[in-house]
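Okay, so subunit A shows up in both of these, paired with subunit B first and subunit C after.
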Partner chain A sequence: MSLVAEAFVTQLAAAEPWPENAALYQQLKEEQILLSDNASSLAVQAFLQMCNLPIRVVCRANAEYMSPSGKVPFIHVGNQVVSELGPIVQFVKAKGHSLSDGLDEVQKAEMKAYMELVNNMLLTAELYLQWCDDVTVEEITHPRYGSPYPWPLNRILSYQKQWEVRRKMKAIGWAGKTLEQVLEDVDQCCQALSQRLGTQPYFFNKQPTELDALVFGHLFTILTTQLTTDELSEKVKNYSNLTAFCRRIEQQYFEGHDKDSATTVAARSAKRSLLR
Partner chain B sequence: MAAPMELFCWAGGWGLPSVDPDCLAVLTYARFTGAPLKVHRVTSPWRSPSGRLPALKTQDEGTISKMQQIITHLRKQKYNADYDLSATQGADTLAFVSLLEEKLLPVLIHTFWVDAKNYVEHTRKWYTETIPFPLNFFLPNCMHKQHLERLQLMWGDSYMEDEEKLEKELYRDARECLTLLSQRLGSQKFFFGDSPASLDAFVFSRLAPLLKAKLPNGKLQQHLKSLQNLCNYCTSILSLYFPWDGGEPPASVPRAAGADGGDTEEDPHKRRNQLLSVLVGLAAMLGYAFLSGIVSIQRGGTGLAGRQPITLEEEEEEEEE
Partner chain C sequence: MGHIPLKCKQSLEPLPMGGPDFGALGEEAELVEVEPEAKQEILENKDVVVQHVHFDGLGRTKDDIIMYEISDVFKAKNLIDVMRKSHEAREKLLRLGIFRQVEVLIDTCQGDDALPNGLDVTFEVTELRRLTGSYNTMVGNNEGSMVLGLKFPNLFGRAEKVTFQFSYGTKETSYGLSFFKPQPGKFERNFSVNLYKVTGQFPWSSLRETDRGISTEFNFPIWKTSHTLKWEGVWRELGCLARTASFSVREESGHSLKSSLSHAMVIDSRNSSILPRRGALLKINQELAGYTGGDVSFLKEDFEFQLNKQLLWDSVFSASLWGGMLVPIGDKPSSIADRFYLGGPTSVRGFSMYSIGPQSEGDYLGGEAYWAGGLHLYTPLPFRPGRGGFGDLFRTHFFLNAGNLCNLNYGDGPRAHLQKLAEYIRWSYGAGIVLRLGNIARLELNYCFPMGVQSGDRFVFYTNFFSSNWFQRLLHFYLVLSERIAVFNFVYSMPV
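Presenting the complex of A and B:
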């Protein structure tokens, strides 16, 4: 889109208020969605909750193909479709809602840097675990990823996706890492986040920002997803302020809503299983 | 303390000790911590023990090839630039390094290696001139393809095909990243006070090539030059830690500051090669001359003497005219 057209569309977007029927699309929650996609989706939902914007979650088997960038989740607002947390934050900002307006320049720099840290380390570690670790791939990823489709399409799609993710891992240099090294990186990332959070309720003291939404999305999903081993969630549980942070956001923004949200209020100790 | 370790890295150019960002990061970190390294500035990856650059050859752990692993190894050997940092500062280091790697480094790679004008007129030219024969015919192209593939996998096809979108969004993010760095640095000497840390090594290694290279298509470069504190930061690190490297041309002027033994290895070979090629040329000409009979040596040297009367006759003819 040329610059003029894009400015025009942004104006249009800004002009319309947030509609009641905004929808967020993701894959099927019980059978199909994977760890990394669930985390991204939860992060967007948390962000929209924090902005007090109503959204309903729609589960479709082909959500990935519907998305304009190929990644989930994406939101359908009015006649616009926006995918991934970064562009969604900007889109919401154009509509006049922003969580990070109260931050000064240095804090904004830090917020962006920490968001990149989460994307760079946590998200990549999740992708590694589900697509490059053979045990997890066999037992969880392959059965789940193609589950809405008949054989042989389900196998073909999973192998295709696996090949694509492995190529990307090779390009960024993660292909040579062992599982222990990846878990070590996750631990480092959690340590950095824990130190940054300290004893504050949110990362930038009183008000939640998109960084809080992103961290919540990933950590909560890691804590509540049952994989072949518990090592990943153990790494997060080592940091008590992070688990307290997740609980706090869950209670504040997700409890008491009877819509189809990804967090279930039922006993926090019972892990929600994503195994088939 | 281990015996001195050997570091193999790309040669210097454009006023920098090394042109490759990863090699520069390792060099800078070593300078910051005072680690005793024997530096070999090589002009082709085939000279390094592991086939890739940068490479650190240690006594007990073999050869380490990735920048992060090299820095971790140096830390383990007690050369730790982050010793004085608080926990929050350590966390900030991780975060800013991630920001650089995600937002700035891919765009830098694009500027140097994929952008058509820059690649052809600047990067490829430098590498072709520096890498020795016969590698210089295919190695730069190989590196270009590698970088292109990496960017394609990271960004997806939609960005690679649509130049305008790429320029608008990704370069905008990179410019924003530079501005954020500038704001974070403020008016301090280094990112965490008065002594340099590993984050400074990272930031310097990404910014310095962008600042120093003379790129024909330099929009990102112009943005960096407009951020005065970052420019001062880079030049002060260069002058403080690499005083005799800055400003030297990449041509084969033998480096008089004898700390780098690796450079003088190149010259004798070059002279020898030149001499050899001249000798081979002469031998080929003489051999052809003898074989085809243009010149023949007869016993007693009359062949050579026989030529002279011919020339004398010619001169007489000329005089007559």
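Presenting the complex of A and C:
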């Protein structure tokens, strides 16, 4: 959007308070949603819970195509539609809620850097595993991605998406990587996060920020999604403070809330193996 | 014996009906050479036998399909009959679409087995080339495109045709490939297979649609009606045209697969599809989707009826009625791509294109049931300027249009449905000038008064007619193709 349009939309957004019927759209929980989309959706849900803004989750098979940017999740607030965590944080800020106001400039830059790290490493690794690892593609991704559609549309859409993701991987230089190298990258990323977190409850002071929401979204999903192998979740389990961090956020923001959020967290795509 | 070559070049219309003597026939005939000792005979009532029919110029065309078209010529009993049947055979050969031109030559028989009243008919044909191409540029609603067409007529010798069209535009590209095969001897019975990708932009709904599909259809006549049976499989992709599209339209974005069987029946006795003077048209169409695959399930019915009658002083009265209903099967609601739309210069004049009926935030969602009707009176221009020439292409046009579009609650009975369709009728009346463009389009310039406007409808008449200056009017100026698709829509308003 141009700067003028953005400013205009921000003005509009600021004018109205957060409504009761705000909705977050994602793909179907049980049959369709994939690891990376689930992680992004959970990150946004965690962020909104941390801001204490009510949101209900609506599952639609065509959520990806409904989104203005083509990525899930997106939120429908009043008559505004905003997709992806970054713009949602901006939108929520325009309405007067923010988690990172208490940070100084240096900390804000650091937060942005770590968020970039998660997006460039963890998210890309998830996409790689889903779409470039042949075993996972055959057994999990293709059946799930095309499940709402009849034959032959399910195959066509899966292949189309796979071709698109592989092209993107080629563009950022990940096409030549092997699975081991990707898992190594994940390990390094987790190490960096673990070091930053240390023994603190959250990444910055004692208050959660959008970085916490993002890290929680990705790590929790990795830990609780059953894939063809456990290697990815094992990499995260190596760092006990990260698993403790996930457990803490789940207990604080998702359990004990209304039934909707609990089902969101509990009924994900696979068995729960983390917290038991 | 007299040597009488008769060469009939163009159409024989009007066939010489009266005139028994040879002079009347000779209007299009070439010079008659009569040898001094020959007797001039009155040929019309003389019995003749067609002994041979020759064909000159056949290349790849197979013999059997030609045989069917010309078999009637052998049955002719007298000379006028021979000429008439040859003319009909020529028309039949031309409609196969495989010859560039066909000339008929009727001559007396020569040779050993020639009877005294024997005739030879020779068809001189020129086949179309194996491959013809065309290139056009089109400029439409904010878009320009290059259209390339390729045609392979008479591919295997029995009037099969393959056409390929590719359109490359500034916004979208589309293409179509089609194979057509008629039944030898019965051209009206044919089947075709089409493969296509088309894209459409619908600004009245803020919707963009891309269809990729394959269809096969059979056409066959039964008595005076022509029927079409079609199976179609389409992968539809819907998207929002602008970021400001309403959420109801945004919810419809995505992919769906429609696999449907449809049947259409047409009876058309009009003399022309643009500004007909007499005759009637009845079209009934039904479509059943969902039982041959896909994820869209519905039953759709629609009909169109038109009646034309010529009145005194070269004026024509025309009445038309059309309507339709879409019944979704199962519990999934109907898709915006299947619903009906109403409004605009092709149905209810005075309202913006397809801008009647259910809408959300300014985007028109279409409806599941509709009806529309019109009464038209076409007269020659007042004072008949340019009579006999250019002026005949123009007609004055008085019209009354009405219609309604809504969603029905299928749980209620038919009485409730009729009631719903009868309330909130939109209608309009007005007058204008119509220009006929060949056989494919008409250009209209109208003065309309839309009435019965409901909240949410968009109409093209913004100022209050009765209180404002005569100049502050709105005129419609639009081009309408014979299939009721408006191509060019221009509204001109004159300020006070």
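The working rule: the second predicted complex is superposed on the first by the 253 of 276 C-alpha atoms of A that agree within 3 Å, B and C clash if a C-alpha of one lies under 4 Å from a C-alpha of the other, contacts with A are read in each partner's own complex, and residues count from 1 in each chain.
One rule holds in what follows: a contact is a pair of C-beta atoms (placed from the backbone, for glycine too) under 8 Å apart; a residue touches a chain by one contact, two chains touch by 3 or more.
Nothing here was measured: the structure is a model prediction, and the numbers come from that model.
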For this session: Label the relationship between subunit B and subunit C on subunit A in the superposed model as either fit or clash.
Result: fit
Exercise. Between subunit B (first) and subunit C (second), which does A:V81 come into contact with in this model arrangement: first, second, both, or neither?
Worked result: second
Exercise. Regarding the shared-chain residue A:L157, is it in contact with subunit B (first), subunit C (second), both, or neither?
Worked result: second
Exercise. Regarding the shared-chain residue A:S69, is it in contact with subunit B (first), subunit C (second), both, or neither?
Worked result: first
Problem set entry | Partner chain in contact with A:Y149 - subunit B first, subunit C second, else both or neither | second
For this session: Please name the chain, subunit B or subunit C, that touches the greater number of residues in subunit A.
Result: B
For this session: Using the touch definition from the top, say if A:A109 reaches subunit B (first), subunit C (second), both or neither.
Result: first
For this session: Kindly classify A:L117 by the partners it touches after superposition: subunit B alone (first), subunit C alone (second), both, or neither?
Result: first
Problem set entry | First, second, both or neither for A:A244, with subunit B first and subunit C second | neither
Exercise. With the two structures placed on a shared chain A, what shortest C-alpha distance in Å links subunit B and subunit C?
Worked result: 12
Seminar exercise, completed: Contacts from subunit C onto subunit A in the complex sit at residues 235, 238-240, 243, 247, 250-251, 253-257, 293-295, 361
Exercise. Which positions of subunit A touch subunit C when the two form their complex?
Worked result: 60-62, 64-66, 68, 76, 79, 81, 149-153, 156-157
Exercise. Inside the complex, what are the residues of subunit A that reach subunit B?
Worked result: 2-3, 69-70, 105-106, 108-110, 112-114, 116-117, 119-121, 167-168, 171-173, 188-189, 191-193, 195-196, 198
For this session: Using the touch rule from the top, collect the residues of subunit B that touch subunit A in their complex.
Result: 66, 87-88, 90-92, 94-96, 98-99, 101-103, 149-150, 153-154, 156, 158, 164, 168, 176, 180-181, 183-184, 186
